[in-house]
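Quick heads-up: structures coming right below.
There are two complexes below, and they share chain A, which is joined by chain B in the first and by chain C in the second.
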Partner chain A sequence: MTMWLAQSNAWAGIDVTRHLFLFSPMLTLVCTMLAVVACPIIVGRSAKTIGAVVVMGIIASFILAVRVAGEVAGGGISGLSTQPASGMLLVDNLSIAFQLILLIFMGGVTYLWWMGSSDSEENAPEFFILLLGSAVGMGLMVSTSNLLMIALAIETASLPSYAMVGFDKRDRRGAEASLKYLIFGAISAAIMLYGISLLYGLSGSLSVAIVAQHCIQSLASGHNLVITLVALMCLLSGIAFKISAFPFHFWCPDAFEGAKIEVTAWLSVASKSAALILLARLAMVFCAGVSAPEAIGMLSPLAWGIGIMAAITCTLGNFAAYKQTSAKRLLAYSSIAHAGYMLMAIAVFVHPHSDHGQEGMSALLTYIAIYMFMNLGAFGVVAMVVWDTGSDNLASFTGLLRRAPLLAVPMIICLMSLVGLPPFAGFIGKWWILVALGRLNDSLGWFLVITAVVNTLISLYYYMRIVVQMSLRDDGQPALSFPLGGMALVNICAIALFAMFGFAQPLKTTSEQFTRNIFDTTMAKTVVVDAAPAQPIESVQR
Partner chain B sequence: MEHIGLTHYLVVAAVLFCCGIFTMTTKRNAIGILIGVELVLNSTGINLVAFDRYMGPGRLDGQVVAIFLIVLAAAETALAVGICINVYKNLSTVDVDAASQLRG
Partner chain C sequence: MDVFIAEQSWLLTAIIFSPLAGVMLLWLPPYGDARGVRRSAMLYSLVTLGLTIYALYAFQQSAPQVSAGSPGFQLEQRASWLSLPGDDFKPAIDISYHVGIDGISIWLLVLTAMLMPLCIWGSFSAIRNREREYYSLLLLLQVGMLGVFCSMDLLLFYVFFEFTLIPLYFLIGIWGGPDRRRAANKFFIFTLSGSVLTLAGILYLAYYAYTDLGYITLNIQKLTELGQTGFISPGVQWWLFLAFAAGFAIKVPLFPVHTWLPLAHTEAPTAGSVILAGVLLKLGTYGFCRLSLPIFPAASRELAPVIATLAIIGIIYAALAAWVQRDVKKLVAYSSVSHLGFCMLGLFSMKVAGVNGAVIYMINHGLSTGALFLVIGFMYERYHTRSIDDIGGLAKKMPWMAFFLVFFTLSSIGLPGLNGFVGEFLVLLGTAISAGTSDMRPAGPLGFGYVIPAALGIILGAVYMLWMCQHVLFGPLKEPPNTPDTSTGLTTDLNKREISILVPLALACVCIGVYPKPLLNSFQVAIEQHILPLGTVYATDIEPSRGRYEIPIHREPARTQHVKHARIINNLPDVDSSAKIVVDTQRPTDAPYSFPMSQDTVITSAFDLVKTPGADHIE
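Presenting the complex of A and B:
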């Protein structure tokens, strides 16, 4: 059941109330943003007040998202327009599933920030406006297949992130991190927009489904081949920047190390997974557009391209994490590696002979959900160590098992889950991606399986370094003091990782439900190409 | 004499794009890099409007994107200048090579 919103030329017969309802989770976030703007005037700037307003907004948005999920999954929604692909926004199971994950995660990050902010915190409204703004951008990123909307959503997610990284104005490292993030971001966004303009020129449409058909035609026929490839590479570079895939990963460790720890946690999960789902959607639309036998051959290089990018990304992330002494930077490289694993799932359904598209997609969605808990837990513990000791160096973790057992145990669980060891949820996330790859049963699939397994072994080493530091070494430092609420948060994450492993089957069923319909109503299959198809560039010169 | 056609616009835009990329890669000053970004964004704008003009009557999508693009560029510049001022306050320079505390 895919719903299309905002079809501009046919207001008649469109149920506006229903469209607003379908879009309500994101609208609620925007309203929360306005409420946060108004709060300082009415009730004051205290961090606790603003935090409470934001939490209420997130809860309201979550409830609405659950209701929308019921509406979208239950069927009974008719398509709005005869040209489904021309809508700017779409609400389907995938986008709602991601928005639910995003809202849960945002609740966790808000809570973490709330714990960590001092009573004298003056900048709460500004911080939450930025956080909510980037959340809206990420929510939009997953619910569109229109090139203009993709560009706007990526920018809406990026601009507040730059400011959040440099949020503490007195912090030299934060300033440097935000400058690097901004420059990489601005360059890749500009290149992406240039690619979008070329794609628009080639196909005469902004809808990805139509663009995909034109691209595949020109790839198959060799007509405008070079310019199509350049345009696609440009578009991909903008998305790869958000994923921090090789070779667009340079900003990631610097930005993550310089930012406040809550911001690092937010960016490491939310912005990466939003971009991954966006890439997955684009890949799906592209593959659905391929029906001609001669065009199917075009997908194999594409699948190999994404597969190799994934392999390099995760190998590079894991090797670079080796020699890190800062826990934040180590987790930043680990997040690059995990982006690589998740990219592998995308290679599955780009693959030409794949009937396992849905398997790859549900593996990706599950992985994102699990990854959220792993990272929230790990960053939560790092945050509490930083608050108490003032340093995120691995040395400040020494003897944590004695100094704060209630933090060390969940940390060990989260780290083992990040490695992908049973009996924690990280194992099933990784396992399903490997199964989906193995079912491809060809050289690409096995290449990626071997890469992923070897990388898991490599990553064991540097995650174990933290565990060893916490458990085996001890330099007799005094016990750590930490907020009880934060301790509860990381323990809940650890328990969730156990529980997800225990209830792996229901988890699989749920994620399959959320991804099932996408492949039935794939956009390009139902697309009605514009009445006046675009003319090729040469024939329109006057 | 030949009329000005789509190709002319596309060539201008491509040259502008290359100038922008060149500026980004050679400038060490953050403001200089951001000017390069502006050049690339403007080349995109030329592309979009030219496609609309020459690809048949009644096309508006490209022009709408171009307007959004201008807004995007303005927002990005405002933020970028803010961040540059912050960097200048902290490091007394906006040279990107001076920003080298974070590495490893």
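Presenting the complex of A and C:
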């Protein structure tokens, strides 16, 4: 088949084998999906069997991703296309970095599921097809700068998520949450597709690099200004829905509360960070397009827009978390707040007068890596409390430090880390974002620094509520029974958080390496050079 | 970035994190019983003590040589931690994991490492539930305290400083007395709110330093240099001093913000009280000593009368408050407030004698008040009460306990021959001579007027402490019913374990009281080098002089463009009031830099001015 592809005219000049190899991590996940489909027919529907197949798939994909990471370290490729800007998919440092994080996290979530559900779950194949499907969608989200592919990837990630939230048919809350999530998601998707169609109409291209050129031109010249802005906002709203940024966050607490805890953990990290990386990539392409001096001023409102969105998102998340009594709901609001902090990093590099892209991007990547461990640990503990007590109400955490010290201590560490207190890694995540903002040294940067610091103080209160509930209150409930493996998992997360604090410098260096040579900036710059006398917009409209 | 490695640089890191390793070992299977947990915790803390004693040995060995990194600091280790390179638009950031010790911190390190095994040993019978958590928290607390004393980077200092909050919060909140929740929360909120201001101050200081250095650093040595060269303007110093003081004064605690301390002390378990009084309060005074005095010299002088007045109010007020307490532990807690007032007084005399006295006072207070809390804890285990109204005349029944209580009371009130006296004497001496220049140093901000009320405080201290001894130990025997409680295996008088806990402390008290010279010498070197450097001369204090002066440049030549290692301030009003001396960093680091001085030139510099022999004749 490869031979045929290589011989056919449309693919001339493309090293198909290499391209397929570069996409192999995601392809492996797709194959795992197929294996999960085939498994019940060949072996049986046992949850443990399916789990084992999935774990093998994840490991294989991870190994391939590590190898691909070495391959693309010097610069990415645009998939199956000779035109750099027109590839539907692209593989570069950033997308591989995210896929590695995603695979580690998926391993953690699968492990959590293994302990919590593998004994009772009857629909394991279905669950994993959905989980793998959404993972593939997220992996694609970060590996594209093509509008059509963005829409497809977001839908690929979203549709399984809706189903996963309502996966337990007998659970009415889950069904309700799923429906809310679906309706919200469908509307956002519709708005986003509308925006994409407008952008296509304006520029005649689906490649973001080219679309960005046209947008900037019309922003600079005032031609089609309103419609460009509307289209961009529509596109942004689709992504903001996935990030659960204000004002598209309403689905988040309900969906998180109704879903099974493994699903909640999955959505809180994977789905959000995929969308954040996607937005970061789009922002980067846009910024790379802005080389003309007259267009530079255009970016300031965009930076402020994202900045204000970030500020409102995290403030709102923190205030709403204040009064929650359900741990899942509290962590849902906390994840909204953290999406806000991460959005701030994007505001850093949508910035007119400096080349901060890499700094903001590496701060974002560091944050995501840390955030994954914090949330995996926190949700892991919540999961084990739920399994034993049947409730995720804060009351079931009472006296946990006595009832299960080996769960309570990692929980305290994860919560402190979520606050951003040293000596845990959450501090490092916030630190790099704040440093990047501070080094902008302008009003937006300082505004966001102050917002983030004040928000950290606000968040201290509600995270500490859980800590106090676990440690200082005690109503004599019996000791908690929990799986040893789960205890090991959350403790590993806690130790990782501690280690990432100590080894902050290597962590930062690594994430800087993974944000170097990002495909689209360089390519978009060549586009700028090539398409400098870009087609007049009128001609496209005709 | 640069990783500086001195000889045996691993030692401090090993000391700081050895208790953490102990915690991890405590939680690894196989789980022993409570007895095993206690013993292993004790063992781990002894390992830390052993390492610290080795560090003391290594420190003394290498004392004469100036270390290659920062002068005066030894066993330095440095690794880049939160650093970023800069470019044309963005400043570089240099924040590192940087530890090292000088003559002050080594002894505080020894104090911390010595108190911890004693605390753990002292908790063997008192703590009967959740031992594993309890000892883990004690060891974690030790990590924070050791880290503070070793930090040479301000952010690292702050991280360790804050970290001490968390374990102590749980220690008080879980194993404390009946009002433990309120005590823990009050302690947490007080100290946290203060140190948030300190953090703001630290960040602003970093920004301010950046305007001079061109890169962001939180290296304490670097910042000290800036403070000493007069780069930080007095107005800024003033605000920064207040921001730093907000965190430190609450920790000390200084008079109006001391209210958390008696409550926390009363409710904390014995070991918590010992550590709180013995080491944690010293973090505040250490902060003043290590950071406020050297980095903000002008503001320290300006605000010293205010601080000293608050300290004296604290001395008298806490002494009076202690006098009326019925709870023995609360009485000792108030005595801590009173004693720490002396410490502050000594620091802000800004004389070597005063600071020396203050530092040795920190050690002494740690020993004697810590021991007092231990004795009271032992008593409480037997009688389940600490109220003076319920107990009395115990001397006959518990002669050992009586001996130690009287001994440490005498040590605490400063009986000559015991340790307390040395500190008190030096503090008062330093305060008295503060205004003069008899020690060949610029005049300090305090004076004899501060000595009189402080001395009154000493008398009051003797009164209430002896009053307490009298009520508890002498007179007719008074015991609550069904006591002493020996159900937990305790004997009526102190048992061998308890005596062995107190003996090392008593020995240390006697040693320091009889022969304090090694400590004082060690402190003196550090104070003259880091806290009140000889180069700290103020524009108004220096005589206009003529001749060539040389500045030995032995600091690392890290900067690329120019260095303002010294600053000449011309005091003629009609001439440009300041001029930079640009030091060429390409010069070999050991080559002195010399520059001419006119009659109207005044120098402020962080460096010892070395007058070249015969330089006067050159001019």
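Assume the second predicted complex is superposed on the first by the 503 of 542 C-alpha atoms of A that agree within 3 Å, B and C clash if a C-alpha of one lies under 4 Å from a C-alpha of the other, contacts with A are read in each partner's own complex, and residues count from 1 in each chain.
Note that in this section contacts are C-beta pairs under 8 Å (C-beta built on N, C-alpha and C of every residue); 3 or more make two chains touch, one makes a residue touch a chain.
Source: prediction; values computed, not measured.
*Asks:* Thinking of the overlay built on chain A, is A:471 touched by chain B (first), by chain C (second), by both, or by neither?
*Replies:* second
*Asks:* Is A:423 contacted by the first partner chain B, the second partner chain C, both or neither?
*Replies:* second
*Asks:* Of the two partner chains, chain B (first) and chain C (second), which one does A:191 touch, if any: first, second, both, or neither?
*Replies:* Only chain B is touched by A:191; chain C is not.
*Asks:* Looking at chain A, does chain C or chain B touch more of its residues?
*Replies:* B
*Asks:* Once the structures are superposed on A, label A:324 by its partner contacts, choosing first (chain B), second (chain C), both or neither.
*Replies:* Once the two structures are laid over each other on A, A:324 reaches chain B alone.
*Asks:* Using the touch definition from the top, say if A:159 reaches chain B (first), chain C (second), both or neither.
*Replies:* It touches chain B, and chain C stays clear.
*Asks:* Name the contact category of A:175: first (chain B only), second (chain C only), both, or neither.
*Replies:* First partner only.
*Asks:* Using the superposition on A, tell me which residues of chain A are in contact with chain B and, in the other complex, with chain C.
*Replies:* In chain A, nothing is touched by chain B and also by chain C.
*Asks:* Of all residues in chain C, which touch chain A in the complex?
*Replies:* Where chain C meets chain A, its residues are 27, 79-84, 89-91, 93, 97, 130, 132-133, 158-159, 162-163, 166, 170, 173-174, 180-181, 184, 196.
*Asks:* Okay, in this complex, where on chain B does chain A touch?
*Replies:* Contact set of chain B toward chain A: 3, 5-7, 10, 13, 17, 20, 24, 30, 33-34, 36-37, 40-41, 43-45, 47-48, 51, 54-56, 59, 61-62, 64-65, 68-69, 72, 75-76, 79-80, 82-84, 86-87, 89-91, 94, 96, 99-104.
*Asks:* For chain A, which residues are in contact with chain B within the complex?
*Replies:* 147-148, 151-152, 155, 159, 162-163, 166, 169-173, 175-180, 182-183, 186-187, 189-191, 193-194, 196-198, 200-201, 204-206, 253-254, 257-258, 323-326, 329, 532, 534-535, 537, 540-542
*Asks:* Touching chain C in the complex: which residues of chain A?
*Replies:* Interface residues on the chain A side: 354-356, 359, 401-402, 405-406, 416, 421-423, 428, 431, 435, 439, 457, 471-472, 502, 504-505, 508.
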